[in-house]
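Each chain carries a letter (A, B and C) given by its place in the written order, and its residues are counted from 1.
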Amino acid sequence: MTRSAFRLTLMSLAVMSASITAANAQGVLNLYNWGNYTPPELLEKFTAETGIRVTLTDFDSNETALTRVRQGGHGFDIVVPSNNVIPVWIEEGLIQPLDLSVVTNFDNIAPQWVDVPFDPGREYTVPWAWGTTGVIVNTSLYDGDINTSDIFLNPPPALQGRVNVIPEMSDIITMAIYAAGGESCTTDRDVLRTVRDTLVSAKQHWIAMDYGTVDAYAAGDIGAGVYWNGASMRARLQNSDLAYGYPQEGFPVWMDNAAVLTDAPNPEAAMKFINFILEPEHAAMISNYARYSNGILGSEAYLDPEMKGAPEIDVPDALVGAGRFSESCSAEATNIYTQIWTELLQ
Amino acid sequence: MARDFSINRLPGFASVAILTFFLLYLPIFTLVVFSFNEAASMSRWEGFSLKWYEAAFQNRQVRDVSIRSLWLAATAASFATILATLAALGTTRTSKFKGQTMIYALINQPLMVPEIVTGVALLIFFAAIKVQTGYTGMGYLVAAHTAFCIPFAYLPIRARLETMDNTLEIAAADLYAGPIKTFVHITLPLLLPGIFAGLMLGFVISLDAVVITEFVKSAGQDTLPTYMLGQLRRVVTPEMNAIATLFLLLSVLAVTIFFVLSRKRA
Amino acid sequence: MDDMAGNKTEQATEIKETPKRHLWNWILCAPALTVLVFAASGPLLIVLVYSFLAPGSFGGITWSFSLEGWFRVFFSRDIFDPEIVSLNTAHLTIFWRSISLSLQTTIICAILGFPTAWFIATRPQHTRNIWLFLITIPFWTNLLIRTFAIQEVIRNQGLINTTLIRFGFIDTPIQMMYTDFAIFLGMAYVFLPLMVLPLYAAMDKLDIRYLEAGYDLYASRWQVLRHIILPLVKPGFIAGSILVFIPSIGAYVTPRLLGGGRSMMLGNLIELQFGQGRNWPLGSALALTMLVLVVGALVLYIRTVNREEEPRHG
């Protein structure tokens, strides 16, 4: 009994190991990106055009990606961090400047996304996708104004006990700071006192602090919540009662950006890939897959029809000003935020 | 109703066991059914469809991570079981010896720290080795998973050894059987249920080990759990139900083959 | 901790107890220890060192000695007036929540797992392995997928509620998602095989003659269970509770997905420090505190269990 089982194990091991360890061959590009963010068609097309095979590895948070790359020995060529951590990547010399002789499509980046605070003049990074963090509301439960952070900070009676809040410390604290009239990353104690009190008293109206699946919103398990625009759009396509709101008190705008790592094993291929995703058609592939905007001129023409003019994608003119780039806060601010967060969730 | 007076029967136990099995399989049943759902939603049924299986098969990443997970779990669990069996033999049925306490502490240590801590520690340590040696293969993941599985494999094997009396082994020794012969023909067969339990535990533990993998993996070494982790904040598609169903099918298949083979030998 | 060897084995063993045998013990353990030191315990020393350093500006550490991490495990400075130092009740609350959740999970797993293991161990020899596999098959699916599947069963429009409504037992769905019930269901689900398998491994070898002897002496089923079966499967039971109790202290995915995650678990708290909180020294100190707690609980548990047994053998 054991012997046969053992032989079987050995056999299957031999068969499998062939397909496991083929990652570091020549002409392979290693992409390190957020999970479920990279359309397979995009990679296939890149391979078809250049002969370079792409291996995709996922990360689940900016902190994990930064820690992982900082320690070295990772084998990645391209990484896609969010705007708020880009300065850290640049400062620590983890990513290298763009090689404009290869990245000839640089001018396709929409002008408003070139001179960005986190990478002035785009010396290191190019846009992958951008979006907003706002609120989602089931309008069959509540049909009042949804462009306000009161949806989760001071929910109307119809939504009390049905609100879900994503367990993202920086997003939630930042939105509460905006609602209290402060600036992001503030260390102003008066503002932060209001923030803490608001959050603590709001928590009793929350049913959960979870990432909340699209299904949970669509099926009505959750009545409202803090959510990202792309995910919100997916939920609305399943249930038309759902609407996305942009809090007028202020809401975070974020952008994920592709960059080539300083210790990339294959920087030439990496620059080619960077150039490849700046083609409008390819940028649109990314948008259609992840349901987020991309910041590349001319990509609109290739967008799926349901993305064009979608309320989750086009920020209403009146509310554009309320959107602010999220920042990476000082150690002091983060320290206080962590304490507030721990107190909130204790 | 006259019942046999079975020595083994304990009142209510069978009902609890059946209830347990029912609870175990209710979500699994839902998952399998919804993997055949036409709709992209997991909450509405819109008719039978195989499209999620098709999608899963066509997605190279999903295919790669599934195979890698199975391979890693099989490898790590096998290593862990072998090492744990040896260690169990070395630590049971013996008088106290110097360093025994330390051995227990070491064996059980991976259980006692949250995965994130082991993950960070391993990341820093392995990254240094990776930079020094230039080797970035699967060896690190195998080592990390093996270490993580050892306590899970060790405990059932030791529990088995402790309830085993050694009359037979002493008898064999009396009949001048050498220690190796005694081990192969007496101890090992008696120990098998424990080894088997340990192997299964190690396998499922490795299949689920997500945080450690996330920190140890190098380029191109995603496993199914780390792939799922990336989806957690976004959208979980029924594709995942299809993959899960295939894993279940595979486990049933493995079990069947195992039984056919063991029947033949018996 | 040394008592985990189970002192019972000492009386049972007659294999020669010489220094040579002890050398063999070490040789047998050496391969496992090597792997463990290389890929688990050794790197953990890094965590110990980090807990005495100052946090880096964006994660990581800076190389200067600091006790701030350890201080903050137990004490907190008031956010609005750093002069005020008090006991860190938030951390204590979270510690206690995780420990009590683990205890309850262990108890639930024991209540469900013991009869299940017994049921399997008393099947005819050739079908036992099939039942054993039936226990582990659900665990071939990923933890997250399994948890989502449980959501599908207990949500308001889920399998249970729709079935109950269809047959007219209830009019409005029972709220099961985001309750403590959901957490316990999910935790028991995740950890059940860790209880059943070691219990089974111990029961399988149980000598049936002991039970016969018990019944011959007119013992009731309850007495047989209490005085014969339980003591004999105790090693399996100890192994099972350890395997369930310890990992469930660090668990946080299940409480978040099923319980709603409005209250932090120890696992979240530590993850927060290594992630968004960017305070690795505090995270390291919290993790080591948890390690000490767990080891303490284990020693206490094993002492208690073994003491109970003493009179019977003495």
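Everything that follows uses one rule, which is that a contact is a pair of C-beta atoms (placed from the backbone, for glycine too) under 8 Å apart; a residue touches a chain by one contact, two chains touch by 3 or more.
Keep in mind it's a predicted model, so treat the numbers as computed, not measured.
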| item | value |
| --- | --- |
| Shared chain contacts [subunit A and subunit C, defined touch] | B |
| Higher-contact pair (C-beta pairs counted), A-B versus B-C | B-C |
| Gap in Å, rounded to a whole number, between the CA centres of subunit B and subunit A | 33 |
| Centre distance in Å when subunit B and subunit C are each reduced to the mean of their C-alpha atoms | 16 |
| Residues of subunit C whose C-beta touches two or more other chains | 148, 155, 157, 274 |
| Interface hub residues of subunit A, defined as touching at least two other chains | 64, 67, 213, 219 |
| For subunit B, residues contacting two or more additional chains | 42-43, 120, 124, 126, 229, 232, 236, 258 |
| Contacting residues of subunit A [partner subunit B, same complex] | 1-5, 8-9, 12-13, 16-17, 19-21, 23-24, 28, 30, 32, 34-37, 40, 55-60, 64, 67-68, 71-77, 211, 213-215, 218-219, 231, 234, 238, 290 |
| Subunit A-facing residues of subunit B, complex | 40-44, 58-61, 64, 67-68, 70-71, 74-75, 78, 120, 123-124, 126-131, 136-138, 188, 192, 214-215, 217-222, 226-227, 229-236, 257-258, 261-262, 264-266 |
| List of subunit A residues in touch with subunit C within their complex | 61, 63-64, 66-67, 70, 85, 88, 164, 167-170, 189, 192-193, 196, 203, 206-210, 213, 216, 219-221, 328, 331, 334-336, 338-343, 345-346 |
| Residues of subunit C defined as touching subunit A within the complex | 55, 57-60, 76, 79-80, 89-91, 93-94, 148, 151, 155-157, 177-178, 256-257, 260-264, 268-269, 272-279 |
| Residues of subunit B defined as touching subunit C within the complex | 6-14, 16-21, 23-28, 30-31, 34, 42-43, 79, 82-84, 86-87, 89-101, 103-118, 120-122, 124-126, 143-144, 146-148, 150-152, 154-160, 162-166, 169-170, 173, 190, 193-194, 196-198, 200-201, 204, 207-208, 210, 224-225, 228-229, 232, 236, 240-241, 243-244, 247-248, 250-252, 255, 258-259 |
